[in-house]
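Two complexes are shown next, each including chain A; its partner changes from chain B in the first to chain C in the second.
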Partner chain A sequence: MGVNKLILLTTITLLWNASLLAAGTQYNLRVDGLSCPFCAYGIEKKLIRTEGVESVAFDLEKGLVIVKVEEGVALTEGQLKQLVDDAGFTLRSVSEQPL
Partner chain B sequence: MTVRWLCGLLLFSGAFQLSAAPVTFNTALPVSKGEGVVRVQAKYLSASDDPGSMNRELTVKALPVVGVWGITSRWTLFGIAPLLDKTMALDMPSGRTKRRVNGLGDVTAMVRYTAYSQDQPGRTVRIAPFTGIEMPTGKDDEQDTLGRLPGSLQPGSGAWNPLIGVVTTAQSLQQEWGLSTSYKLNNEANNFERGDEARLDLSYHRRIRVGGPADGLPHFLYAGVESNWVWRGKNQNNGLKDSDSGGATLYLAPTLQYITRRTVAEIALQRPVVQNLNGNALKQDFILTLSLRVNY
Partner chain C sequence: MFRLKWLVVMVGALLLSSCAWFPSVKEPPYQLVKTWGGKGGTPGLFNEPTGVAVSKSEVFVSDSRNGRIQVFDLDGNFQRLLGDAGTGKLERPMNLVVANGELYVADYFNDVIQVYTRQGQFVRAIGKPGAGPGEFNAPGGVAVASNGDLFIADFYNQRIQQLDAKGGFIRQWGTSGETGVWAGEFNYPTDVAIAPDGTRYVADGYNDRVQVFSPNGDFSHKWGGPLAMNIFGSFNGWFATVTGLSVGPQGNIFVADFYNDRVQKFTPEGKFLNAFGIPAQGPTHTAIAVAVTEDGTVFVADYANHQIQKWQPSE
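Let's look at the complex of A and B:
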């Protein structure tokens, strides 16, 4: 009985840690031309409809768009540039970091 | 009479704007490709300064519904459908008389192209020419108990009226400048032709407050001032120029705008500060505009 409980507890712990480790990627987009929240929503709509995108956040003062995607999803710079262009703005740079 | 011109001004002014932009005229700010914006305005115009002897008083209530669609990031399509309610009170030999009409006015379709854009962090400068046409969708043969209403009071012009212009917008997070000029060629229908219209518009808005959620897009409150110089040629009835129509007016308007990520609520009060009108053309008192835009 004690062994079974230990195996169950270990399994749960491993799964929990795995879910924490598999948290996806954050893309930091420097976007020029973002000068009001109503305009910025145009980019948010484009990004949030992209498969795998979990959230989109903004720092308008810095011209920064923060995109978080699910594990296993990768966005290319070309893809992001097209989305920002379609929204009517200019993508200056992209950086990414694991979550 | 300047009634039709006043109604045209009421509908054209501000109908094309989109983002955090002037309330009384157009903007060059972008609409995303494949995305739309809907705008509903409520406008109230009063004109009661009658240099003539009929003591005319005109009130126009207008509800322009504007649909905007981003064809590409540079090409934008606009459609404006106005609902109108016009009342003219005047002295006649039989006594004080009111003539009233309401219904759909002339629908305008327009395209705008962003020819120049210069983006920097938190700011943008854009120049966008636009062109469009006002279509004769409004009735132009309405009658009341006194007979057929004059052409200037009809909801529609009966004519196809093209317009062309260019707008420049310079916007940062703290402030915005707008400059626009346009010309509208009005054509003849039913032996009536209103005068052409030329406009020069200028705006300055400054952000006075930031609020909203801490972890999302902020909400901005802008205060601004806008000026509109509007010139109109004389109307023609049966090919004869109406000497009591046309002229130039300069408006000044304080404005307030509250902007969130999905909506813009705004108000403007246009007051004519200079009215150089021809003959006994009816002079305006004010135009009040309430507006709501929704990014869907």
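Let's look at the complex of A and C:
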């Protein structure tokens, strides 16, 4: 019974660690003027076609573009600034967090 | 004495220009007859409607984030979907128009104009991504002339393109990739409409104005705030981002004034007549596109509330 529990715990720990290792990064971009879809879709279109980007979402209340990228992919602030500039906006700030 | 005379002249000029820049409503108010929709993915619900067009008996709605067009009768009863699968699958439909028996949809993500029969059969795609002649970078709206020529608001390319029915380039207005505030220049154009006499009306989005071009393509006139030069505001006749427009049955121009949550109605010369809309309750806005039927009923794509508004003039 004790051995079985140990195996179960080890398996869960390994799976948990694997899921952490497989997780990517979330970037929160603060951008003004997102409430117009002509603008928001422009940013979304550019970001979603960037290699490694898994999803793009908007928090209109906070003026945020939320970009999730897959494991091993990192976007630089310069890259993000260029993408946002190309979409006709100014990037106010960027923060990132692991997923 | 000399100075006093000039002062009187200047005050008079200011008063006159004030009247021109702050016009009053010239008609009885429009009445909201009904709304339909709500947020969702099933037929009859929308996820960010961004365009609306009408035929004699039906309303066509760009259901943008659902990647499809929904068709309703004039009372809002669901009829069918189109562009939701297979060849001609829409990615992010925007302003659209019914013309010459077909439906033309500006597909913002695929950088093409998708053409369907009114029943929903895909006919052809016009254009491809790019900045060259006949190419698009996020087309926002399209109008079709009686001879089949297309006029496309090519949003990120900062121009209006005229193509023949097969997509062959004819000419453009505006300089590719360059914004400007002078006549014939654009700042993210979003839509085009054509009057029966061939006059073209352009929603010059972030210039907060409408620009008008004669049937031969020459610049004619413009309106939207003082001097129509990117001065935005919420007064009558002013705009805060123009996102769509439509020609009504008497030739009047109906303009979706996005950040002001309203449709404004003008004479073809740009004289303000009326305004109506639903105030926004959240961070986004309620009037992104407009279409008008032959009897003067106005349909508005309400982006914030994921619904369609139906308005009629007072008796």
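Keep this in mind: the second predicted complex is superposed on the first by the 79 of 99 C-alpha atoms of A that agree within 3 Å, B and C clash if a C-alpha of one lies under 4 Å from a C-alpha of the other, contacts with A are read in each partner's own complex, and residues count from 1 in each chain.
By definition in this document, contacts are C-beta pairs under 8 Å (C-beta built on N, C-alpha and C of every residue); 3 or more make two chains touch, one makes a residue touch a chain.
Model, not experiment: these values are computed from the prediction.
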{"item": "Which superposed partner A:37 touches (first chain B, second chain C, both, neither)", "value": "both"}
{"item": "Most chain A residues touched (candidates chain B, chain C)", "value": "B"}
{"item": "Partner chain in contact with A:45 - chain B first, chain C second, else both or neither", "value": "both"}
{"item": "Chain B versus chain C as contact partner of A:57, first or second or both or neither", "value": "first"}
{"item": "Contact residues of chain A, present in both the chain B and the chain C interface", "value": "35-38, 41-42, 45, 60-61, 88"}
{"item": "Complex contact set, residues of chain C against chain A", "value": "48, 50, 64, 92, 94, 108-109, 138, 140, 155-156, 188, 190, 205, 241, 243, 258-259, 282-285, 288, 303"}
{"item": "In the complex, chain A residues that touch chain C", "value": "35-38, 41-42, 45, 60-61, 88"}
{"item": "Residues on chain A engaged by chain B in the complex (per definition of touch)", "value": "30, 32-46, 57-58, 60-63, 85-90, 92"}
{"item": "In the complex, chain B residues that touch chain A", "value": "19-20, 29-35, 70, 72-74, 114, 117, 119-124, 171-173, 176, 212, 215-220, 259-264, 293, 295"}
